[in-house]
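Data block below; observations after.
By written order: A, B, C and D. Residues from 1 in each chain.
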Amino acid sequence: MSTGDHHPVVAVEADVLGNEPVGAYRRLTLAVPGVAATARPGQFAALTVGGETSGLLLRRSFSIHRVAAGSDPAGDRLEIVVADAGPGTHWLTQRTPGDRVGVLAPLGNGFSLPAAPGECVLIGGGYGSAPLPWLAEHLRAMGSRVHMILGAATRDRLFGAAEAGAVADSVHVVTVDGSAGAVGLVTDPLRQLLRDNNIGAVYACGPMGMLRAVGELAIEAGAVAQVAVEEAMACGVGVCMTCVLPIRGHDGATRMTRTCLDGPVFDARALRWEAAADGRVAVPDDAVGAPSAPVGRSGR
Amino acid sequence: MSGAAYELDGVDLSVDLAGMSLPNPIMTASGCAANGPELHRFFDVAEIGAFVTKSVKATPQSGRGTPRMAETPSGMLNSIGLQGPGIDAFVSHDLPWLASVGARVLVSIAGVEAAEFAHVAQVLATCPDRSAIVGLEVNISCPNVANRGLVFACDPASSAEVLSGVRAVVPADLPLFAKLSPDVTDLVPIARAALDAGADGLTMINTILGMAIDLDRMRPHLFGVTGGLSGPAIRPVAVRAIWQVTAAMRAGTIPTAPIIGVGGVRCGADALELIAAGASGVQVGTATFHDPRAPRTVLTELAALLAERGISRLGDLVGAAHG
Amino acid sequence: MSGAAYELDGVDLSVDLAGMSLPNPIMTASGCAANGPELHRFFDVAEIGAFVTKSVKATPQSGRGTPRMAETPSGMLNSIGLQGPGIDAFVSHDLPWLASVGARVLVSIAGVEAAEFAHVAQVLATCPDRSAIVGLEVNISCPNVANRGLVFACDPASSAEVLSGVRAVVPADLPLFAKLSPDVTDLVPIARAALDAGADGLTMINTILGMAIDLDRMRPHLFGVTGGLSGPAIRPVAVRAIWQVTAAMRAGTIPTAPIIGVGGVRCGADALELIAAGASGVQVGTATFHDPRAPRTVLTELAALLAERGISRLGDLVGAAHG
Amino acid sequence: MSTGDHHPVVAVEADVLGNEPVGAYRRLTLAVPGVAATARPGQFAALTVGGETSGLLLRRSFSIHRVAAGSDPAGDRLEIVVADAGPGTHWLTQRTPGDRVGVLAPLGNGFSLPAAPGECVLIGGGYGSAPLPWLAEHLRAMGSRVHMILGAATRDRLFGAAEAGAVADSVHVVTVDGSAGAVGLVTDPLRQLLRDNNIGAVYACGPMGMLRAVGELAIEAGAVAQVAVEEAMACGVGVCMTCVLPIRGHDGATRMTRTCLDGPVFDARALRWEAAADGRVAVPDDAVGAPSAPVGRSGR
């Protein structure tokens, strides 16, 4: 981490302005003054859960779906898409206007836009599609041509299919069970798009396995792939070192790198995918400072 | 780095911890604040009494694989494995930044053997930004390779060995705080050993050894198997540890020395609880993950609490619950 | 008191704990369920695997003054002081009631010296309702008058002294469980000492020593000054303790024996976590204060969790996280 | 505790039906099926606080203000009066219809009604007045004459003054600051009532100091005094032994007695008041099983 690129983060007890169902998810709209000026697609927000008496200590992270500038910064809004996955997200899905939730945003880096317009593919798995419409708007505004692939296990786990047509030049929907779009995985339409078009960049957000597959196809096709990862985060702001992944740096060395600060978006080539298996990520032997021998007890 | 009285809400919050003159007692906790710039986005890190850095070892450390944390009721487990840049990068990169913003730095040091602690301490004692360092916190709650990976702080002799090794290489006016683990049958002999070997004060407590199981994989949740339990859940253990050691000091069983309290503090009242038990400094750790402004907020709340009670000097409340 | 398989949701939940055949692994925890009638208003106490009674001593005990408790984040501190009727009233009044409703009783016994434990055990071994007793839980996590009030379980020799004293006076077919304290540097030697001295199994963990301060009075909150921390806050410590001792058994370092897990269980998944770490029985303590139906609910949830996973025998999951 | 007198307790996730301000307090109405048949004035309810993600483990206890029978038991309602005293009660004061709260009720014993009608005084301090109107109705229904004394520090801390006129034969309001009624303590009008009338029974609920003073005056005047105490309770149902007070039994022996099960209402003569000071209660030396010497460390 370089200390120079720390952008300002808004820390606020945000009013909940809206909470609507979108398939299996809820879209929450929050009043976050000043967020619109700095937030970029691919960044995330960290929310407190459970209210004042909560036994859930840690914030939950969510991709920023969009921000909307108010007439003045005090009126800025931030939207996220929440899957009810456990006690913290369940609590969030129950919030109604009038409630308050602690919000830190924007956090992390976002997707980098290409230097010049080009043709690109945006890929989302499940709620991973949340940041894509907003990203598509940015890309189209600079003249890029945008293909969008939305995948999920089932129809209700798709996100963004309704608005995709308005923001993308082509839309490809796949579900594992065929309940919406074609039967299959996001890699099926991606393979086709990479073959039939001159794709310069791929942007993806979703589960680790999907990101890896997408990254490999893109790199093979000579495209740049930017993937937004999702590692368990205790703080979201770079102070705890829990959210690391082995990332190869410009100097070729692999370091255990904070995904909350230097991610969640990474160039797929920098990720040491082979270290990850079964939801766990090992320290590659060649990583900077890798232990020569395993230690028996927790050094904290 | 002012030793002058520091007032907030008309309360003199300044403390003197074994020669470490601080404008107020609030600190970050090692490993819960990285090394400065990240938190400086949320508050001026020079406003709190001291900034405690992530424990630094002789060489760069990758730390462990992930998952490195598990949330638990009102707490969390962590198993980071002391990831860090190593002492050379620390003095050339991290410490200068902290010095540049005027932070008073309590540098936390670690090692796998006594010699590593001493080496790290020596580099710090002679580094260009030495003047930003107000003291060293010796994290003896970390694994000792020579003793089956048991932590140094499990045993009086290992604790003493580390402290005397560090004491031998740093000037007498550089305060040393030994950071103790609560995972022992009796804290008092460990405290005595550390103080007798040259510690000027004690920091209590480090995390409590715990574990969580991933019921989907039916395997330990953390990559490192066990981890350290921290957060509000353990505050009662911190209060007890501070109380017991303070009581032993008051009884004359062990030498009297300042205590820095840490464990589960998330608001001003929590800090006051540790102070009343005997702490003259208070670190805010895991609460920072809930809210990065926490150390600064605790300071504001503590001052307000004292003002409310008509207390004009924080020092008057240190150990007050002992009567 | 049936040793036959007991099915819920098609899952065989029966367990055999050192000869203690129980229809299911769920129990109350000592001191968290009184002696039966109070909870029987909320569920049939014969439906859970065993009913664990409040630790009973030789004579009636008033316990301590109040406050006896302080709520803490996701937990609580208690300092009851083993209030109870004494062993004679227990066998003439409490035990007959438990026998009358068909409960399988694991009687928790305590004392201030080894001889008191032995006396209490002997009265139980020869009492009229002996057949309702499935085993004794020897609460060695209580103060030893001969050793400055330190708990027996702090020290292998004191632990062994109590266990061998009890073993000597009760028949070999009466299972003995030694209840350990987590407040030790290393649990394994204590576990070994208890097993070598005659314990058939271990119960882990008792509460963790903690403390709270009343900031209005600026004095310890509890009348008894320190107290025992319990509840979900300490579950990670219970999991770790069970894991460590099970690992030592699997490594052959100490004899293999059944473990009853206790600490912070409030739902079926929590029980499963202790089982996966190595427990074959699970006690529900403080959660009962949140909801008096908790032990019964945990049983229902545990059965449903196993059924969901297609596990037909609970025994297959004991220690499963060790691989 | 005798095992025979265990009455049925309703354990339910109760719907919140109402939440209205009453002075400094909130009156909560809860749907508690089956509670009306068994609850009596002086009993209490124990409520969970903080919801599903709560870090507050223990229930909070509240005197039952009243119960109302529905057309069938499923429609029974229970009312309590809540002072916002800390995080748990604060959370409760924020509940709105549609929310759910865990309720156990009725708990403990209630006030015993006299064998024959007579003249009596009901005394409440602060929210301690909550059970009095309902108690007054019971007493008047059996032909007793009811005087009511309501006291508080300030006007907004008074409870029940508005409805007192309808349920009592005489009403005496006192506040410490004189912001309502006479300046003074509840003992002032009590002294007068005991002197001028033939009072057979005094019923009181409020802070310990008040209960003691009331009890002493009543006993001196030859009246029976029933006082409802308020000790910190971890379980409310008799299983934890935290809520004890030294109570003299019929056999003359003092035992540390559970106030949640054998109280919260006690005969004032049975209470060992002298053991209580500064919010703490010591074990009297002559109590059954009192320690001969203090123990250094917690025996749990």
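By our rule, a residue touches a chain if its C-beta (ideal position, glycine included) is under 8 Å from a C-beta of that chain, and two chains touch if they have at least 3 such contacts.
Everything numeric in this text was worked out from a predicted model, so none of it was measured.
By the document's definition of touch, common neighbours of subunit A and subunit C comprise B, D. Set against the Cα centre of subunit C, the chain with the most distant centre is A.
Just to note, of A-B and B-D, the chains joined by more C-beta pairs in contact are A-B. Averaging C-alpha coordinates per chain places the centre of subunit B 35 Å away from that of subunit C. Measuring from the averaged C-alpha position of subunit B to that of subunit D gives a distance of 46 Å. Inter-chain spacing, taken between the CA centroids of subunit A and subunit D, is 54 Å.
Annotation for subunit B: residues 73-75, 150, 209, 226-227, 231-232 touch two or more other chains. Shared interface positions of subunit A, defined as residues touching 2 or more other chains, are 55-56. If you sketch which chains touch which, every chain touches every other chain without exception. Within the complex formed with subunit A, the residues of subunit C that make contact are 73-74, 232. Looking at the complex, you find that subunit B touches subunit A at residues 31-34, 37-42, 54, 59-69, 71, 73-76, 78-84, 86, 97, 110, 141-143, 145, 148-151, 206-207, 209, 214, 217, 223-228, 231-232, 286, 288-293.
Contact residues on subunit D toward subunit A in their complex (touch as defined above): 49-56, 87-88, 90-91. Those residues of subunit A that touch subunit C in the complex are listed here as 55. Within the complex formed with subunit C, the residues of subunit B that make contact are 70, 72-75, 77, 150, 154-155, 183-186, 208-213, 215, 218-220, 226-227, 229, 231-237, 239-240, 243, 264, 269, 272-273, 276-277, 317, 320-321, 323.
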